[in-house]
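Each of the two complexes below includes chain A, the first together with chain B, the second together with chain C.
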Partner chain A sequence: MLTETTLMAGEFTVEGPLRSIPLPFLEGILGEENACIAESVVTQWVVMVILGVVFFILGRNLKLKPETKRQAAAEWIVSFFVGNVETSMGTYYKKRYAPYIGALFCFCILSCLMGLFGLRNPTADVSVTGTWALITFVLVLWTKIRTGGFKGYLHSFIEPLPFMLPFNIIGDFANPISQAMRLFGNNLSGMVIGGLVYFALGSFAIAVPAVLSLYFDLFSAVIQSYIFCTLTMSYVAMADMSE
Partner chain B sequence: MGFTLSAGEFLQLVNINPATIVFTLINTAIIIALYFFFLHKPVMKIMEERKNKINSEMQAAEDAQAEAEAVKAEYTEKLKESKEEAAQIVSAAVKRAGERENQIIAEAQQEAANLKKKAEESIELEKKKAINEIKDQISDIVIMASEKVCEKEISKSDNEALINKFIAEVGNE
Partner chain C sequence: MDNLGFVMGASAIGAGLAMIAGLGPGIGEGYCGGKAVEAIGRQPEASGSITRQMIIGDALAETTGIYSLVVALLLMYANPFIGRL
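Presenting the complex of A and B:
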């Protein structure tokens, strides 16, 4: 696999999502550019395998009386997500959204951390963060229709005053787009800055990139994943019109 | 050495690939399923079971405590009753004993009085008997004395005075 930075006679370039496996049969529909399995998808598969194994090990052989630290960790993780969802969204959503938020957070955080292993962050691909934002958008839409009915949903566009209509429409799309762009931008900028530092230091790239990587790959990964999940929860909770 | 990013390269950076979207959706769904079935569901189940167990055990403990308190109250009541009963029995016994004591004393006094009375009667009787006996003996002695005196010469008046004097003396004894 190629790295994101290419050193060519003093030139520094940043490439978009890399193509890992071409899918020629899709060229007719998606165009030559997109007819592929991107590297971010391949990295996701790696993440999925890791998470599958971790979830399986954590969740098996649970006892009524906890004996292992493994079980304590599993219970802590699940309670953390359930508690967070309950705090931000309320009791109705606790059961329904805790698995989604937990899975999303684990997926997101491990995707971000993949940068540490020299793989390309799936979260530095706007298609990936956009997909998750799309899920948020659908959940918000569903929640509005579920709680207010279709009429209530349409009516919510002219509230509190009819002239707010354009802003409300923009707001519906702006929230998930900003959410996607925030995660994407943070990860891409980290990647670009890391590449630039490697490029600038040349063969002296020792220690300094590690510190930057600590911030961009580790700290930023946790914070941005948390923010992404929190935003998802609050957007859905705000969409609830049942009060 | 320089860093350039043309418009085409920038657009390439924010390229939205439908194939990636579809794959990401599928992958996210799989991750949710993995998380739900491997971790969330078993952990929630075990925590729910634990919660129920703790609740039922606490309920059982509360029941047992309530039962123990009821039994304790019952025993306290019974103990109190027994003490009262014992006190009653003791006081009744004391009362009966007092009555019996008085009765015994009264009987004894009665008996003593009877004995005294009998003794006095018999003494009186003995006294009378003794007096009679003495009177008889005196009569004999008088007769004997009279006979002795008669042997000597004695006037009739002297004799009479002597006898009267004698009898009076004996009567005074």
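Presenting the complex of A and C:
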């Protein structure tokens, strides 16, 4: 089935939504078809290593009064996220959610930038964005139960009126799906359009794909990462029933 | 005409038709951006929070367009109808 649909797009370089790397040394254990790993997972490992090294270097030898530019940069990054979380979610969530939101934002941006280095963008894989949206879903669920109690959580489904029950249930599940699809759709559409332009221009592919890549891999990626984090923050803040 | 060719051609037309839904988010986001500029013109000191709200509004307006894009991509790359032939 997949080969037929790939044929439809000719010699097109973007091979559908998933690409995998074969692992020949595991063939004996897992069988020939299962012995592969998704390329987005490998790219995420690269991103993790880069982020880990960068933040380890930034966070070493901190002084009470900043003396080095390194510490000034680290403090700027931390205060940026703490300030952002405080304006979106309030002071209670400031210390609790700033590390998660900061990590998510950095990871998301760096994943999108991997497209510039010829690696596959992990956020163009629906299982990656789906996982992040699932984390948001669990956080929202936890916040609802923590602030309103389990009874209050169940009662929130029949507010304001009991006949709203099906709409509330659908609304609960639509949020993570639309959040995952938004990031996935934006980044995959960038990849597909870039691939189509490369294919259409053939050997004349000069400068035009670079402009497209600048828009999709830099501008759109930063905006979409920001939107993903902002939506996570506002969903959790809206789930708070204590006010 | 064989069945496979018909299904693939109809899927390509369907993918193109699905992307007509891009009209709605385009109009909505333009309206949203225009209103945000108006609001900033009236209250320049609140431009930070207005921009944040505008981006959230844009993201919500974009959802329908993203759904249509996903449908179009499904029809092009992971066509469910070819498997049923």
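General observations
Just so we're on the same page, the second predicted complex is superposed on the first by the 209 of 243 C-alpha atoms of A that agree within 3 Å, B and C clash if a C-alpha of one lies under 4 Å from a C-alpha of the other, contacts with A are read in each partner's own complex, and residues count from 1 in each chain.
Keep in mind that, in the parts below, contacts are C-beta pairs under 8 Å (C-beta built on N, C-alpha and C of every residue); 3 or more make two chains touch, one makes a residue touch a chain.
Everything numeric in this text was worked out from a predicted model, so none of it was measured.
Of the two partner chains placed around the shared chain by superposition, neither chain B nor chain C is touched by A:E159.
Looking at the shared chain after the overlay, A:P99 reaches chain B, while chain C stays out of its contact range.
Once the two complexes are laid over each other on the shared chain, residue contacts for A:A74 go to chain B alone; chain C is not touched.
In the superposition on chain A, contact of A:I227 is made with chain C only, not with chain B.
Judged by the touch definition given at the top, the superposed model places A:S40 against chain B, while chain C stays out of reach.
Once the two structures are overlaid, the count of chain A residues touched is higher for B than for its counterpart among chain B and chain C.
In the superposition on chain A, contact of A:L188 is made with both chain B and chain C. In the superposition on chain A, contact is made by A:M48 with chain B only, not with chain C. By the document's definition of touching, of the two partners only chain C reaches A:S178; chain B does not.
Once the two complexes are overlaid on chain A, the chain A residues touched by chain B in the first and by chain C in the second are 16-17, 184, 188.
If you check the complex, the residues on chain A that touch chain C are 1-2, 4-6, 8-9, 16-17, 87-88, 178, 181-182, 184-186, 188-189, 192, 223, 226-227, 230-231, 234.
Taken in their complex, chain C has these residues touching chain A: 4, 8, 12, 49, 52, 55-56, 58-59, 62-63, 66-67, 69-70, 73, 76-79, 82-83. The part of chain A that touches chain B in the complex is made up of residues 10-17, 23, 26, 30, 33-38, 40-41, 44-45, 47-48, 51-52, 55-56, 58-60, 62-64, 74-75, 77-79, 82, 98-100, 102-104, 106-107, 122, 125-128, 130-132, 134-135, 184, 188, 196.
Touching chain A in their complex are the following residues of chain B: 1-5, 9, 12-21, 23-25, 27-28, 30-32, 34-36, 38-47, 49-50, 53.
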